[in-house]
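Labels A, B, C and D are assigned to the chains in the order they are written; within every chain, residues are numbered from 1.
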Amino acid sequence: MAGDKIRLGMVGGGRDAFIGAVHRIAARLDGHFDLVAGALSSTEEKSLASAADLGIPRAYGDFRQMAIRENRLKEGIEAVAIVTPNHMHAPVAKEFLRRGIHVICDKPLTSRLFDAKTLVSAAERSDAIFVLTHNYTGYPMVRHAREMVAGGEIGEIRVVQVEYAQDWLSEPLEKTGQKQAEWRTDPERTGAGGATGDIGTHAYNLACFITGLTLESLAADLDSFVEGRPVDDNGHVMLRFEGGAKGMLWCSQVAPGNENALAIRVYGSKGGLEWKQEDPNYLWYTPLGQPKRLITRNGAGAGAAAARVTRIPPGHPEGYLEGFANIYAEAAEAIRAKRDGRKLSGDVVFPTVQDGLKGMVFVDACVKSSRRNGAWVRV
Amino acid sequence: MAGDKIRLGMVGGGRDAFIGAVHRIAARLDGHFDLVAGALSSTEEKSLASAADLGIPRAYGDFRQMAIRENRLKEGIEAVAIVTPNHMHAPVAKEFLRRGIHVICDKPLTSRLFDAKTLVSAAERSDAIFVLTHNYTGYPMVRHAREMVAGGEIGEIRVVQVEYAQDWLSEPLEKTGQKQAEWRTDPERTGAGGATGDIGTHAYNLACFITGLTLESLAADLDSFVEGRPVDDNGHVMLRFEGGAKGMLWCSQVAPGNENALAIRVYGSKGGLEWKQEDPNYLWYTPLGQPKRLITRNGAGAGAAAARVTRIPPGHPEGYLEGFANIYAEAAEAIRAKRDGRKLSGDVVFPTVQDGLKGMVFVDACVKSSRRNGAWVRV
Amino acid sequence: MAGDKIRLGMVGGGRDAFIGAVHRIAARLDGHFDLVAGALSSTEEKSLASAADLGIPRAYGDFRQMAIRENRLKEGIEAVAIVTPNHMHAPVAKEFLRRGIHVICDKPLTSRLFDAKTLVSAAERSDAIFVLTHNYTGYPMVRHAREMVAGGEIGEIRVVQVEYAQDWLSEPLEKTGQKQAEWRTDPERTGAGGATGDIGTHAYNLACFITGLTLESLAADLDSFVEGRPVDDNGHVMLRFEGGAKGMLWCSQVAPGNENALAIRVYGSKGGLEWKQEDPNYLWYTPLGQPKRLITRNGAGAGAAAARVTRIPPGHPEGYLEGFANIYAEAAEAIRAKRDGRKLSGDVVFPTVQDGLKGMVFVDACVKSSRRNGAWVRV
Amino acid sequence: MAGDKIRLGMVGGGRDAFIGAVHRIAARLDGHFDLVAGALSSTEEKSLASAADLGIPRAYGDFRQMAIRENRLKEGIEAVAIVTPNHMHAPVAKEFLRRGIHVICDKPLTSRLFDAKTLVSAAERSDAIFVLTHNYTGYPMVRHAREMVAGGEIGEIRVVQVEYAQDWLSEPLEKTGQKQAEWRTDPERTGAGGATGDIGTHAYNLACFITGLTLESLAADLDSFVEGRPVDDNGHVMLRFEGGAKGMLWCSQVAPGNENALAIRVYGSKGGLEWKQEDPNYLWYTPLGQPKRLITRNGAGAGAAAARVTRIPPGHPEGYLEGFANIYAEAAEAIRAKRDGRKLSGDVVFPTVQDGLKGMVFVDACVKSSRRNGAWVRV
């Protein structure tokens, strides 16, 4: 399979980064990619040092230079992973898209709605594939929940409760020199939404992914509880979906005791579903008038959509990296299908640039609504 | 102790009722009350039959008649439990209050805000005690949570997440002749709020009880998901408290898999708390930067406020009836203190008519906000 | 119903006692009993003081005197609750049994196997009813588990895992003057088994109650981990049941973090069951090849046997006291049936003197096996 | 890093296999190994086909041939993963060990105790490293539990409760042609212990790994509940450790509802610990007399030993594959240290051939004890 591996580059993800390492493991886990080039940091010196650390053969000081050179190489990269702060996603992605190099981009799509729109255009003009790593959609039990909803097993959806709570920004960590906290609370780099953009978009994306619903409007009340923080660290949002379903979304980075508590509950006329990211191998299914059922990854009751993205037997827990790797595996499937001129299976459902745009519209609407004292804003 | 027992009457709670039986057990559990009189149903015939079923010595066909006669008896009732549908709380309570008979009234206080205000006046004019059975405040771990917040253990409160979800009205049960569903979805008897009034008031009361916060304004989006239901069966509410804390409140009676899922999470600058009514003997305490701690009823780490209202050692679970009985025990303590001219201990914190008024203001504001498309309404 | 209440006396349960208070609440909770007489302590002075504390009208300094006098009274007690240390169960019970007064006796039956046998004889000679408060059999979900096993829902039983772990004797509490620890670690008063007798008997009784199996033999390894403690504080036991099922039983009072952790799992050829006393409103049912199901007290899937002993809707947790009260309610049902000459329903399944004897045989076999280096001992 | 990767071969793990795929992911996840050669099946044809499936460059029809040739290649494999049925572990391992090729071998060490002893000798004579994949020791929270015990945080150990329950052999699956069930219930290939060897050894290894205790003797009661099965499918074992600690071990493959339920609880004089493989990111720590604490992977309270083997922040769950990969990462660390002539850090604690021998002694003692009617057998 080595000869068949997809040649991958990476922009961002050098020393001090978090999500770059995750992407590298996700790319490696199923053996679909070879990481062969990188522009890992914002300065040439750090870029080269990081590439040396990681044993990446071709190191670049600058992403534009990398795009140009790799495009000319006979065995240049076929895809690039973009793991920079948000404000760099669009400029970097465009350089690769215009050269037909597939893009696997971290979320949220961009820092500004305007950039998101131009990026969508760029992606549409390009023949390359654009994959957005809303990685939580890669969990098998999330896939199963989506399949159950689509199959009508909980009836017509009435209520969606989704939340994503963390506690790591409960204090002004950004003032201590912590790099992650710095850029994620800097509106220039992260965007107008703080928690809303960083994790609220994940929650919103997950709700749409599982339910298949389309948001119609929202009302938001955003706060910055830590003094002097220029972006929100807590967001309360009420949701109205097309067709009449309603929802609540809570995102917070100041909720002590919550590490990475993304959770969703969906209630329909015939039953309910509940899933928690921190215990991802379980899905509660609560058919109305029957005992609650706990469906486990690869266990009895889990269906084909989950089985597609599972590696090991029930009771052998998979986690965050496996879910993330499922997005990479689907990206590989799409890239190979394109390479071979095959039609891609409808089962491949990785998040796209359009999903990314929806996320940016969501953040924009949250910020607008909150500034208008929580007025309902159509999306 | 028999000679010392408080003579109790009951209005409502005959055949087909639910909460009347709960009040009777709660009154009996700690041996503080003797149920000696009752006007248990709306018709004389059913009243007498229900009293005979229950072995209640003095049966009345009508609550007014009962108030008059018991007041004249040498050994007449000292207190009355009111367990009728909501619209009868005010007229019944006033009859007893004006005769100096203490009132233990089920929640919500009334069906209409206007009635609540007149009842507050009546209670203020009376020398009798008024106890509102927001029974969830009687749970030991709720008391402990309140004590921790008051002691500053979670710092300044930022976020409150409270919810009360049920599923028993997921289908139009009220059309099947089920009595509970009938009156609880009838605006004449239950009030303008359906789920909001029936269980949202419990959630709101609990949030205030634990946090000590005062609500400033709210924005609500209420729905009746079951066709033809004239009151809400699902409510989404955003909360703003005085001092800057924010909250979300969800109440629903159409969420399959939720039996009686009242739950609250409170996050402050220094830590968090989490409690669930269905597993009431546990309280999660999550101090920022330390491992989560699970405090158990009467176990290590539980304080004096919880110990006051606990009967048995840790690991021996107490439940709903014990929590309810704690309200009755505190009512007894207050009645005896008044009887003996003693000052009541500050530890006795049962909900009062003022708490009931707050609940009605909450419902009224939810309905108003929802009618105004979720506009913020001051309370 | 007051006139219909059963007149109850109590022996033991004065100041410093634990289980006496539990019996009093259990007797009161459903309104079936009136506690009218007591010999609450081992000295006359303390007995009278305790009775005064509790408002019990007829106080005795001595249980024999109480039996004699109450027997002669026109409205003397019909039943007596025995809540003394174990060594007194037999002498007290015999005094009342011989006078036809029903006995509700705490567990284990006696401190010595010999006494248990004589007590069985006494009970058999008497016309009175003998109820042993193995209270955990009173929990609704335990009843449901029993019903499911009897109905063949888990197939032929293969494996039983039962345990009862506590931590309160992890240190030599008996040397600090704590009364409960003193007598429960004193072989004269508690019997030859420490943890084995105090809580191992509960675990063993529960296993037999749910499975309907009969123990054939056991192999035990008992320890006293706290230095100088003359009875076991930890017991490991392997079980062989008639018909080929096997089991393990663990009881411990030195397992930090365990408050009152009685738990049982039963596995058959078609499915499994799991129940935990500390979360008693839930029963896991795991049919082979299907998703796990969580059955809740009074919720969907719970059957008639559980419904008989439940008071309130699902999601409104019942606890230890309600389970205990169910034994009292069944005792009342049996007493009234006898009073009225009616046949007792087969649904009434409170533990009997025979169950008590089995428990004493179990303790005796454990002690014997352990002394013989864990040899298998037939029971 | 590619140039630095360790060249790995694999024996076993072709089509129809389970654990081979796990080893391949584990070898790949952290980028330490390149799988470049394989003898994947027992027939040449299947071996070559499987290697082609997997893109492994050098395929062999026979493990002996592979050992000989790879040994002669300039860039031949440096290590081999052995993932055959148990009876082949020893003959395969010896071929590679004698040529100085490092061995990463699945558990249990062998099918027969005699083979285990000869394999230990072979490993001792060889300069190569021998790693046994008792993968559960690779979980971060298992490492943390071990560190806490070693640091005295739970005091002197008194009681160990360990269990490993599954349900996949509840019915005679081996008669349906399922390959995994076939060899795992065939004494020739799996060894004298069925569940005991397959999963009991994991449980025993885990107990020793965490506690640091040495087993002194055991008493076992083994059963084959499925008719006609020639090896045990359920084992009950009582344990006595040197120094006086006691334990119970339960292993079962016929316990419906248990997927892969390895769990351990350790109780000492000062506290307790509890860990479950199916929820591996959590460790309960229960210091005596304090509230229970839930320590999370990489969260507050987790120490250096866990941090060494963790990749991502708390709340981002790691699972079975990451734990398994930790063993591979430590194998890589040892191989590189040897390659470079460096001393290996004491933090590297992968299971060794000696641990494998202990496991075989355990199985042998269980079988002996059970045949002697559960007599205590010294190990």
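Just so we're on the same page, a residue touches a chain if its C-beta (ideal position, glycine included) is under 8 Å from a C-beta of that chain, and two chains touch if they have at least 3 such contacts.
All of these numbers come straight from a predicted model, not from anything done at the bench.
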item	value
Superposition of subunit A upon subunit B: rotation angle, C-alpha, nearest 5 degrees	180
Most widely separated chain from subunit A, with each centre as the mean of CA atoms	C
For subunit A paired with subunit B, centre-to-centre distance based on mean C-alpha positions, whole Å	43
Distance between chain centroids, defined by C-alpha means - subunit B, subunit D (Å)	55
Centroid spacing, where centroids are CA-atom means, of subunit B and subunit C in whole angstrom	35
Residues within subunit B bordering two or more other chains	258, 292, 296, 299
Complex contacts: residues of subunit A adjacent to subunit C	285, 289-296, 299-301
Subunit A-facing residues of subunit D, complex	1-4, 18, 21-22, 24-25, 28-31, 54-55, 57, 166, 258-261, 277-281, 296, 299, 311-322
Interfacial residue positions of subunit C with respect to subunit D in the complex	154, 158-159, 161, 163, 167, 170-171, 219, 221, 223, 225, 234, 236, 238, 240, 246-248, 250, 252, 254-258, 265, 267-272, 274, 284, 286-288, 292, 373-376
